[in-house]
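Same chain, two partners: chain A is paired with chain B first, then with chain C.
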Partner chain A sequence: MSVQNGINGWAGTVLRVNLTTGSVTREDTLPKYKPYIGGMGIGYKVIWDEVPLDTEPFSEEAKVVFSVGPLTGSGVPCSGRTTITLLSNWSRGKSIVDAHMGGHIAHSIKYAGYDAIIIEGKASKPVYLKIEDDKVSLEDASHVWGTGTFNTNKVLSAECGAEFDVASIGPAGENLVSMSCMITSFGNSGGAGVGGALGAKNLKAIAIRGTGAVKIADPVEHKNLCDYMIRDLVGGNNNHNVPSRPQSWAEYTSTVKNRWQGGPGVMWGAAPDGAIDTGEQPSGQIAVAAYRATKGVFDYGDVVQQYIVKSGGCASCPVRCYSEYNVDILAEYDLPTLVSNTCVPAGSGPTSFYLKDAMHDFKDEGDSKIVLGLHGAYVMDDLGLWENYNNLGREFAWCLKNGVFEKMLPKEEFDSIPWHLMEEGDPRWLDDIMGRIARKEGEISRIGEGSYFFYKAWGLDDASKNEWGVNMYDMIGGNNNVTYNGYPKHHSSEDGWQSGLLYNVMYNRDCMVHVLTNFVRSGSPFNEVIKPVLESYFGEGCVDAPKAYTPINENKVKLAKWCFLQKQWQDSATLCDWMYPMTLSSSPARKYVGDIDLDAKYMTAVTGEEWTMDDILFSAERISNMLRGITAISFKIHENMDNLRKTHDAVPAWVFDKDPDVPAFSEGTDKMDREDWEKSLTMFYEAMGWNVDTGIPTRETLEKFDLGDMADKLEELGLI
Partner chain B sequence: MSEEKRGFATKEVTRRQFLKISGVSLTGLVLSTPLLTLMGCTQKQVDDGSVTTWAFPQGLLVVNKDKCTGCQRCEINCTLVNDGCVSSYISRVKVTRNLFSGRNDTGLYSDNHFVYFPDTCRQCAEPACGSACPQGAIYADDSGVKKVDPEKCIGCGACVSACPWHMPTVNPVTNKSSKCVQCGACVAGCPSGALSIISWEEVAAASQAV
Partner chain C sequence: MALLGRRKPGFTTTEAVDPRTLSDAVNEDNIVTPCPAAEQAAGQPPVEEPLPANMAQALAQFVRNHSRGGYLVSLAQLSREDPNVPTLYEQMTSDPACGDIRSYKTAKDTYLYEEGIMSELYLMLNALALDGDDVNTIVTLVRYNSKVFPTVTPLDYFFRTPFSMTQEQVDAAVETILATGGELADIAETQAPSGNRYLYSTDHLTPVYAKSLAEFAEAND
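Let's turn to the complex of A and B:
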C-alpha cells in the first residue's frame, strides 16, 4: 500500500537514499519545502542547504535531486515532467543546473508517494534503486552495467514487473562523460550531465511503481479546468495555435512553418493496419488534440509520413510532441527500425556528424535526415549521450569541415576511425563515432567534456591559440554560444528580441525557456493576433515584429522577467515549458487569447488553498534568486570571479556582429546592439532587485525572499 | 463465416442482437462502410485485432490500439470523476500496465515498442466478477450497467481474481472494489479518439444504410 500523507497536490514525503550506507529515510515535504513549491525549488533548497558549492559534481559527496511538484500527476495536462537538480561538471563555474525529463516516470514518482528523491553517497558496486510505494531497495545492477539504456530499461522493467517505469544511464554516464543524460520511456531524456553524476555514484537506474493517488481538493472544478484547457486553449506542440495547412473550420493557416502539422491528408503512414489520416482537428474538440502536432512532419517534412506509426509523448499530455517511427530502411544495415524522438536530438543533432556532401538519399529525396537523424537519436539515447542542444554536433561539424581532427588527433587514433562510413553517409558511422565519445576513447572524446572544457583543451576559445584563428564563442556562423560558459542559445534574440536574450543568459545551461518562441512562431498573423495579445498582457512595445527590432523599453523588461520566473515555476510545479504559460488559444471564438492565470486556478483547485499568479511568481522569484546567488558563489569559488554581469552574463561577439552590412534595429536583421544590450541588462537587474554593476542579488532582495543566509554567504565572499 | 454473421451489418441492430451475433468480438465479421466510418477504422484493423469492440448497454465501445498514444488521460479522468483523486492503480480503465513492459510483449520497453492500448471493462452479460462476489455486491442497474454496491462490498478482491482481464481493483484507501461503472469519462477525455462509444441507434442506422 502506498504511503500517502493526505495532502492535496503534494505527495507529502521527500525520500532520501544514501548509496554509501544504504540508508533510506523520509521527511515531510511541506514544513520545509512549501516556500519552494516543489520540483526545482526543492532541488535548489537541497543543494543550497546540503552541498558545499566547491563539491566535485561527479563525486560521492555530490547529490542529485529528482523532484516533482504539486501539479505533477494531478491530471493537469502536460504535467508529466521530472526535474533533476545537480551541480554542473561541464559549464563554467560548475554551478547549479537542472535536467528536465519527460516520459511517464514523474507520475510514477508521485503515485509512489514522493515529491522528491534525494540521491547521495556512492554505492560500492553498480546498483539500481527500486521503489514500490514505501518499499525501497538497492538492487544489484551488474547484469545491466555496461549496456545501453534501451536494454537496461527493458531488463529492469521486465524483472521488476509490468507496471514499473524505469530511467537509466548509459555507457556515457558510467564512463563519467560530462555530456551525458538518462533516458526513460522512449527517447525522453534528462541531460545536463546527470548521467555522469549518477555514474559516479554507481547508480545505473531508478525503477519505480506507485499504487497511490494524487489527492485533489476540488476534483469537479479541477476536471473542468483540465477539459477547458484541452478543448479551448491547446493547439499543437509549443502551443502553436493555428494549423499549418488549411482546415475547414480554421480562420487562419500558419504564416510560418509551425508545430501544428497534422491535418486532412497528413498520415500516420506506418500504422500497423493501414495509414491513419490525422484529419480535421477543430479547436473545441478534445478527441482530435493528439493529432495536431504530428511532430515528425515538422522535423522532416512530408516524406516522413510513411514512417510514422503513431504519436507519443509524456503522461497527462494531450499534445504528443514525439513521433514514433518504423524506419524500415535501417533494417538493411541490421539496425533497429523502431525509433522515436523529437526536435534537435532527432534531426540536426545526429546529422551534424556528417559532412553535408556525404549525406545521400536512401529511397526518397531528402530522406537522409530521417534515416541518419533517427538512428543517431537512437544511438545517442542508448549510449546516454547528451548533445547540449547540439553544441556537441555543431562543434563536431566544424572540426570535421575544417580538418581539425586530422591535426588534433594522434595519427594512430585518426587512422583507426572508419571515416569511410561517414563519407558514404552510412548510419553505422554514428554507432562508431558516438561510441568513442561515450566510452571516452581517445583524444576525440574530449568533445564530450562539453564546450567550455573542450575549447580550452584544444585552444579553440582563443584565436591566438589555434591554427584556424578562431574563437568558437565569437565566430559568426555555425555557432550558437550565447555566453562564454559552454552552452548555446535556446530560442534567444532571434525569436524574442532583447527579452529572449535576457533569459537565455540567466542559467548555467541552455535556458530551455520557450515562452516567446511559442508566441512568435505560433503561426498566427502578427498584426491581428501576436502583437495585440502579447501587448494586452505586457503593454505597448513589449513585442517586436520578426527582424524589425526596436530599442529596449520597460515593457520588454517586464516581459523578460515574467518569462524567466515562469520557467522556475514550471520546473517546480511541474509543468511543461514547451506548452505553458497558456499565452495563446486555438479558439477563433476566443480571438486566440490564452489564459495566463490558468496555473493559479489549477493550484487552487488541486490544493484547496487560494493561489494567485502573484503568489506563484513570488515563489518562483525566490527560486530565481537562489539560482543567481548560487551561481555567483560558484563563479567565485571555481573561477575567482566577483562580477556576474561581466563574466557569466557576457554575450559573445557574433550576436552583435552578425549581418555586418546592416545596423541593429533595421529591417531584416535580428542582431543586437551592444549599447542597447548593456542598457537591457541594467534594466533587468533593476527589475530583479540585483546590483546593476555585478548582477548579483542585493541583501535587501534576498531577505525579501527569506534568503538571508545566502546574503550572509555572499557577503562573506565579498560578493555583496 | 455463417450466414447470420455475414448479414449482421445490414440488420437493425440492438445490443442483444449484437451480442448474439458477434460473441465477444467483431473479428470475422464484414462490416458496412458507414459502420466502419463511425468506428473510425478500417476492416483490416478489425480483422487484425487493432480495433476491438465491446457491447455496452449505452453503445458500442470501440478501442483502437493504433490510435492510442499512451498519454494515460483515460486513467486520469476515470479516477478524477469516480474517486476524486488521480491514480493509475485504481483506475477502471488500464493503460499503464500495457505501456512499459506489458503482457504479450507490448509496451515501450518491449520489442514491440509502440504497441500499447487501454484495457477496458467488457461489461460482460454474465460477469465473472459478479458471480464471484461473495456479498452479491455487483449488480446491474436499470440500464444494465454492472456496478458495485459500496455498502455490500467488503474489499475481498474476489472480483479482481475472477475477472479474466483483472479489470477491477480494490482501492487500498476505501477498501472497496473499483469496477467500471461506464461513466464514459475515459472516452470523453481521450485526446486521440482511441476510445469511443457509438450509440446503438447510430450502429443501427449505419447498418441499415448499406
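Let's turn to the complex of A and C:
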C-alpha cells in the first residue's frame, strides 16, 4: 500500500535506508524540508546537516540522496526528473554535486509515497534496494554484481515484476571509477560519480514500484494549465520555438541547427508499423507536440531517419527528446541493434575515441557517427561510465592525436590494446577501450578519474610538467574546461555572453543550465523575437546577439542570477531544465512571448497554496547559497583555499584568448574580456549578497535565508 | 471539367484494388482491433459538403483544398490545363463567397491561396519553389535570413520542403550566383569548422561575423 498522507503536492515522507544496519526509517517531509522545496533542496539540506564535508565521497560514511519535488508525478509536463545529491569524488574541492536522472523512476518514487530516499552506510555484500510502496527491503544482488546495467535492469525487472522501475550501476560504479553513473531501465542516466558512490556502499540498484498518486489541490486549474502549456507555449526540445523545416503555418524557419527537427518529410523510418512522416506540427495542436523534437535528426542529421523507431522520453513529457533506434548495421558486428540515447553520450562522446581518419561510413555518407555513436552509448551505459559532458572523450581524443598514450602507458599495456580496431573504425573498439576504463585496468584507466585528477597524474595541468608543453585548462581549441576544477562548459559564454559564463562557474560540475541556450538557439530571429521578448522581462541590453557581444550591464547580471536560481528551482520541483522556464512560446498569436510565471501557477494549483515566482526564487536562492557555502567549506578543507573568486571561479585563458584576430565585443567572436569579466563577477556577487573579494556569502545574506549555522561554520574556518 | 478531379503530385490518388490480391494480414476478417475512431465515424451521418453554386466557387474550393494541404495553386499552370480558368478566376475575384481567396504575384506567375492558412514566409517559400528559379530562390532567402535574423544560410536549407532541391541543383545554382557578380555580388560564401558551406549577404553581414555565425549555427551539444 502506498504511504500517501493526504498532503497536496508532496508525498510527505522521506525514506532513510541504512545499508550497514539494514534499518529502514521514515520521517515527515514537512515542515522540515518545505523551505528547501524538494529534490535538490532536500539533498542539500541532508548533506549539510548529516555529512561532514571532510567525508570521503566513496565511503560508508558518505550519503547519497535521491529526491523528487512537489511537482514530480503531478502530471505537470516534463516533471519526470530525479535529483541525486552526493559529494564529488572527482572535482577540485570534493564538494557537493547533483546528478539529474530522467525516465520514469521519479514518478515511481513519488507514487510509492516518498519525496526522498536517503542512502547511508555500506552493505556487507552486494544488495539492491527493493521498494514497493511501504514495503522496503534489501535484496541480494550477488547474481547481478559484475554485470552491466542492461542485464541488471532486465534481471531485476523480471525478478520484481514488470511494473517496477529499476536503476542500476555498472562495472564502473562497482570498481569505484569516478566517471560513473547509474542507468534506469528506460536507459536514462544520472552521472557525476553516483555509480562509484553507490558502488562503495555495495548498492547495485534500486527497484521501485509505486501505486499511489500525487494529490492535487485544484485539478481543473491544473489540467487547464497543462493544456495551455502544451498548446500555446511548448515548441520542440529545449523549447526551441521555431521549426527547422518550413511548415505552412510557421512564420519563421530556423537556420541554426535547433531541436525542432520534425516536419513534413522527416520520418521515423523504423517505426514498427511502417514509417511515420512527422508532418506539420502547428503551435496550438497538442496531439502533434511529440513529433517535433525528433531529436535523432539533431544528433545525426537526416541520414538517421531510416533507423528511428520512435521518440522516447521521461514520464509526463510531451516533448520526447530521446530517440530510439534500430541500427541493423550493428548486427554485422554481433552487437545489439536496438539502441538509444541522446546528447553527448550518443555522438561526440564515443566518436572521440577514434582518430578522425579512422572513422569510415558504413552504408550511407555520414553514418559513422550513428553507428559508432550509438554503439558507444550502449557500451557506456552498460558499463555505467559517465562522460563528464565529454571531457572524457576530449581528453582521450587529445591523447590519441598527440601520441600521449604511447609515452605514458607501460609498453606491455600499450601493446595489449587492440589499436587495430580503432584504426579500422570498428565499433567493437569501444567495448575494449571503455571496458578498460570501467574496470580500472592499467594506466589508461586514469582517464576515468576525471579531468582534475587525471591531469595531475600525467602532468597535463602544467606546461612545464609534460613534454607536449600544454596546460589542458588553458589551451585554445578543443578544450572546454570552464574552470580549473575539472569540468567543461555547458552552454557558457559561447551561447550566453557573460551571463552564461557566470552560472557556468558556480557549480562543482558542468552546470547543466539550459535557460539561455534555449532561447538563443531557439531558431527565432534575434531582432524580431528574442531581443524584444527577453527585454520585456529583464530590461534593455539583457541579451546580446550571437557572436556580437557588449560589455556587462546590470540587466545581464539580473538575467544571469535568474537563470542560476531557475536551475536550483527546477532540480527541486522537479522540472526539466531542458524545457523550463517557458521563456518563449511557439505561438505566432502570442508573438512568441512565453510565460515565466507558469511554474508558480502550477505550484498554486498543485499545492493549494498561493505561490508567486518571488516565493519560488527566494527558496531557490536559499539553495544557491547552500551550494556556495558548502563549496567554500569544501575548498577550505580539501584545498586549503579561502577565496572562491580566485580559485573556484577562476576561468581558463582560452575563454579570453580565442579568436586572436577579433577583439572582444566586436562582431565575429564570443570571447570574453578579462577586465569586463572581473567586473561581471563583482556585479554578480553583489546581486547575490556575497563578499565581492572572496565570492563567499556574507553572514547577513545567509541569515536572510535562515542559514545562520552555515555562517557560523564559515566563520569558524575564517572564511567570513 | 478536369479541375475537380485533378490531383497534384503528393496528393492521394484512389486506386481500385481487388481484395483477392490483398495479403491475409489486411483482409477485413483478419482485422481484430478495429480503429475506435473509424467505428465512431461509421455510426455518424455523412458530412454534407455543400456543392459549389457555380464553377467560380468550385475553383475557390479547389484553392482552399490545396491551401489546407500546404500548396499554392498556380494560375498559369491551371490556365494551361483548362482554358476556362482565366474567366473563372475573374468571376471568383468579384464573388463575395470567394472573398477568402487571395493571390500572390511573382515575376513569373500568380499563385492562389486561402487567406489565413499559410504564413507570409511560407507563401514566399512556396511561390519561390513553384517559380522554379533556383538562383532567385537561393538569393532571395539568403538575403532575407541575413537581414531578418541575422544569420547565414546553410546550403542544406534548400534540400528541405517545399524546395526539395537536389545537391546537384544547389551546387549548380550556387556556382552561378558566386560567378555572376553585378546584382548578385552581395552573396558570399563562408564555411563552418565542419566544412559545411553557408551563404550570406554582405549587405547585412561582414565576412568575419558570417564565419562566426556559421560556427554558431552548428554547435551541437
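The criterion applied here is as follows: the second predicted complex is superposed on the first by the 718 of 720 C-alpha atoms of A that agree within 3 Å, B and C clash if a C-alpha of one lies under 4 Å from a C-alpha of the other, contacts with A are read in each partner's own complex, and residues count from 1 in each chain.
Quick note on the criterion: a residue touches a chain if its C-beta (ideal position, glycine included) is under 8 Å from a C-beta of that chain, and two chains touch if they have at least 3 such contacts.
All values derive from a computational prediction rather than experimental measurement.
**Q** Which partner does A:Ser142 contact after superposing on A: first (chain B), second (chain C), both, neither?
**A** In the superposed model, A:Ser142 contacts neither chain B nor chain C.
**Q** Touching A:Thr25, do we find chain B (first), chain C (second), both, or neither?
**A** In the superposition, A:Thr25 contacts neither chain B nor chain C.
**Q** Touching A:Asn224 in the superposition: chain B (first), chain C (second), both, neither?
**A** Once the two structures are laid over each other on A, A:Asn224 reaches no partner at all.
**Q** Chain B or chain C: which reaches more residues on chain A?
**A** With both complexes superposed on chain A, more residues of chain A are touched by B.
**Q** State whether A:Thr612 touches chain B only (first), chain C only (second), both chains, or neither.
**A** neither
**Q** Just checking: does A:Gly668 make contact with chain B only, chain C only, both, or neither of them? Give me first, second, both or neither.
**A** It touches chain C, and chain B stays clear.
**Q** Could you look at A:Gly312 and tell me whether it touches chain B, chain C, both or neither (first, second, both, neither)?
**A** A:Gly312 sits against chain B, while chain C stays out of touch.
**Q** Quick check on the superposed pair: does A:Tyr389 touch chain B, chain C, both, or neither? Answer first, second, both or neither.
**A** The second partner, chain C, only.
**Q** Could you list, by residue number, the parts of chain B that touch chain A in their complex?
**A** It is residues 42, 44-45, 48, 50-51, 65-73, 76-77, 79-81, 83-90, 96-103, 107-110, 113-115, 172-173, 188-193, 196 of chain B that touch chain A.
**Q** Which of the residues in chain A come into contact with chain B in the complex?
**A** Contact set of chain A toward chain B: 1-2, 4, 73-75, 77, 104, 107, 111, 153-154, 157-158, 161-166, 185-186, 210-216, 219, 222-223, 226-227, 230, 268, 271-274, 276, 286-291, 309-318, 320, 324, 326, 338, 340.
**Q** For the complex, give me every residue of chain A touching chain C.
**A** 245-253, 255-257, 263-265, 280, 298-299, 302, 343-344, 347-348, 389-390, 490-491, 494-495, 521, 525-528, 545-548, 588, 659, 662, 667-670
**Q** In the complex of these two chains, what residues of chain C are touching chain A?
**A** 70, 117-122, 125-126, 145, 148-154, 157, 159-162, 164, 206, 208-209, 211-213, 215-221
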